[in-house]
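In the part that follows, the structures are each spelled out as structure tokens.
Below are two complexes that have chain A in common, paired first with chain B and then with chain C.
Coming up: the complex of A and B.
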């Protein structure tokens, strides 16, 4: 026990001595959250749109007003003819053009064949998609309102209800993602680097000759990073609740349990990496390429997994962060309980057991 | 004299390659035993086995009274080890390094403070107690590393090329420390590349191609090979080696 404590104390010394790294580790989550929260904003606000309205009746004017009044759009131009439309896009002045068919209101009442064309600049497909969605929602909303005034039979009534995230805030998506990324970064990357450093400096040799048991060495290595990741977890949750306004709807307890299991998976991942590399640079590269990239690209943090080719969907199943992020969303955003995260907990625990087994086996092999 | 290392037909094979081939020797208590050989001759492999890090393919060895095959954990507790890389933590202070090694070798708590004080006095490092190791000159680091390696009062200390990359004056001072240590009864098992250092040893063994080609006092070896110094002795033995140095 005394052996163990002196080991852990030494590890903490390493971390506190290296103030730059420690500062980065503590500030990184804050920076990432704020960056995702404010700079990389996938929400669409005040998009400039132009309108082509040949019918110019009460109904179309009302829709245009609604658009302009919403926070998503501002109508910057009324177009006189169809030719002007393509010019608008070429100049890049507007994100979308709304074109009404002629005699809109009349046709709507009598033939039911009134049309609106939403033409969007899809050079940025994501924002084009959201612009179109917002516009559709506003039009549908207006339609519903006006129906209360005049009863029209045989009309399909579309009701849109956005569950869990009614304001469509991007933060609801990226807070769990950032949690998955940061915890992995701290645990896997830092653990692997700290063991690789012992090998590089030659101190590992001395530790192996000493009476320290390999298992103890491994556990003592991971403890400081375990604490550091708990601090980060707290920071992330505080910022997300009080700054970004993303509440923890479900049980905080299960969120912590899930996070602990995930932290454990990543610590053991760091151990596995450190058992195959011999210097810090390689450890950093492997954690960077093998861990970070897939988490960013394939975990569902940036791009929806359902849209990926089947091959990549399979690969995404192997990424711990993917399971963690889904679990966090279930608890934090949807407010679901323990039963909902059983699959995620099971998979992550399985991964943890497997990785620990591999790392211990690898470590022993090295001793032979 | 009491034997602290007894090696009998010790062999380590990796597949068909015998890194260490049936070596036998004994080391007495308080002796400085030089373990020489060209790169690739099998020194490191033999030393790893004696430290309990590697299990021999055949043969047996008793180190500090314990069998390397069945009691490696007991051996680890009773030996000290220092390698060419100084193995101190550069980002820890002198006192913190001592504290750490005292902790992993389970030196009794009440002993740590007086022994630390004594060590610092002996090295003249009283004022550097809280300096980071990386701020110390190389020679001091090395002396400190040696003192830390014997801080838990082991019966035997293994030194793996301890003076690599150090200037002759510092090397000389380092050897004075080794002599002091043997005065207190510690046995020193040292590998080195420097033949002038071989002269400082009580007895020297020279490994060639996994076997011990010669083992005697430096004086007897020089007489036997009609050489003026250990350099010549080593050269005569090693030039016949079939293994290429790596």
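Coming up: the complex of A and C.
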């Protein structure tokens, strides 16, 4: 035990001696969470639109005014002819063009042949769909209003209830994901170089001739990083709740348990990388770049997992962040209890045991 | 002439590293071949639970209409709201549709009939769009039965405005068109950012920087020799990405490739310059990696790669202006998808040139031969 403790102390020295790195490790997650908490947002509002209105009558002017007054649109350009329409999206300023047919009001009253074309820049499909939906609703609303149709027969009153996130804040969806990403990358990057560095510095030899067992050595290496991660976890949670306004509806205790298991998984992942590669540069490139991609793409942080092809849904099961993000959403936002996160906890614990076993197994006694 | 020898040394170092050349070729290939399949924000196959308290022919017809719309998958019919809510908690369902008792009776008596839509809005985008689709279908249903029952009553019929939506550049609203340029961009930024960031500091840690410092090579030549290899790597990555986009997704640049290479040349120069600046300031590889990691990931999320810049709050929008990635991703999308030309994007070019001069000037100035 005494031997083990002195190893842990040695690892702590490694970290505390390098003040700059430690500062970076503690400040980085805070900055990232703050930036992403505010920046990642898919809400569409204040979209700039251009209008082509050859009729220019009271009806079309009223619709344009309605559009401009809504929070979703601001009219920035009136087009003079149809040729201009196709040029609007080229420099990316305008998101949608609204084009009225000629003699709009006249035709609407008499022949019923009045059209509005909503031309959206669909290089971003969901935004395009959203702006078209909003515009359609505004036009339909105005038409109702202008016809004074209050009591229509066969009307279905649709009441909409928004569960868990009534203000539709983007942060509710992204904060659990960003937490998962930050913890994973920081933890894995911290530990991944710990063994590789000893190899590169040549101090590995000293460790190998000592009577300590590899399992001991590896566990001693994770402990200081585990402490650092706890500090990170605390600051991340404080910022989510008090700055970004994402509540912890469910039990804080189980949220912490889930996070601790997740941190442990990532630390052991870093150890596996560390014991397989021979130099720090490769270790960092793997833990930073190669891990970053699947976490961003496959964990459900950005892209809904249910939209992926089945093959990728299977792969996403292998990604610890995926399980963590689902668990965090259940506790923090939906406010569910322990019984709801049993599957997530089980899988993450299993991963932790497996990864520690691999890193002990892969740990090489002998130098080449 | 010294530059030639220095370049030879740099390329040799990259080649001798077992991992790096493989990464340069394999990572962009794999990422661009696979990830566009994954990066899909499309809202479809929404899981629906119906709580039908009316059990009438109207309610059955409405449910039938909803499930045949293509957006919804009728997952379960629950007896009561509580069970349905449990389905949402377990992520088995996304939306609950509860039909009030007396639905048909009220409709036939010209009374408003009620339905309740409850959506899971943890993902706001999905929740918003699915409730919009559902209420749209219910509206259609009510006009449908109105038309059936009031055929002869012309007083209540009104002329409707016909709304024609059109989606330019991407008529079927497929996400791959948005994501292929985005992922291409991410690869370019990562490889041309991380690799130089690890370069100078790597020599510091190994101790070989001393040997470079005692040579009469000027700071400018030295930085140039560090920069050019990553410039070449940038072109390799870009070419691999274009090939994959064409072979796997059949996507060809609408505005030609020459323009993109021109912009990319400046972008890679700028971003590698940033990597070198970080490498100059860092004392260990770990520090360099963490700092570069911070910049790359911040730039990626701020530049509109995955979520539109226009949705961000004003201060992050302003911040995104100091990200070279933002200009480059716009350039790439505009040229690749919309066929914009150089003059549409002249300010982007100017901005990228500015970044290139700034970062590389900084890299030369911050490089210290003496401690």
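We adopt the following convention: the second predicted complex is superposed on the first by the 255 of 368 C-alpha atoms of A that agree within 3 Å, B and C clash if a C-alpha of one lies under 4 Å from a C-alpha of the other, contacts with A are read in each partner's own complex, and residues count from 1 in each chain.
The definition used in the following text is that contacts are C-beta pairs under 8 Å (C-beta built on N, C-alpha and C of every residue); 3 or more make two chains touch, one makes a residue touch a chain.
As the structure is a prediction and not an experimental result, all values here were calculated from the model.
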Give one of first, second, both or neither to describe whether A:206 is in contact with chain B, with chain C, with both, or with none. first
Which superposed partner A:18 touches (first chain B, second chain C, both, neither): both
Mind working out whether A:360 is in touch with chain B, chain C, both or neither, as first, second, both or neither?
neither
Considering only touches as defined above, state whether A:303 meets chain B (first), chain C (second), both or neither.
second
Exercise. Is A:6 touching the first partner chain B, the second partner chain C, both, or neither of them?
Worked result: first
Next on the checklist: Which partner chains sit in contact with A:47 here, chain B, chain C, both or neither? Use first/second/both/neither.
Outcome noted: second
Chosen between chain B and chain C, the partner touching more chain A residues is C
* Asked: Is A:276 touching the first partner chain B, the second partner chain C, both, or neither of them?
  -> neither
Dual-contact residues of chain A (chain B, chain C) 18
Within their complex, chain C touches chain A through residues 17-20, 23, 27, 31, 34-35, 37-45, 88-91, 107, 110, 112-129, 131-132, 134-135, 138-139, 141-142, 145-146, 149-150, 156, 158-171, 173-175, 177-178, 190, 194, 198, 202, 205, 283-287, 289-291, 293-294, 297-298, 301-302, 306-308, 310-313, 315-316, 319-320, 330, 333-334, 337-338, 340, 344-345
In the complex, chain B touches chain A at residues 51-55, 73, 76-77, 79, 81-92, 96, 99-106, 109, 132, 158
In their shared complex, chain C is touched by residues of chain A numbered 18, 20-21, 24-25, 28, 31-32, 35-36, 38-47, 89-92, 95, 108-109, 112-130, 132-133, 136, 139, 143, 147, 149, 152-166, 168-170, 172-173, 185, 189, 193, 200, 277, 280-282, 284-286, 288-290, 292-293, 297-298, 302-304, 306-309, 312, 326, 329-330, 333-334, 336, 340
The residues of chain A that touch chain B in their complex are 2-3, 5-7, 9-10, 13-14, 17-18, 201-203, 205-212, 367-368
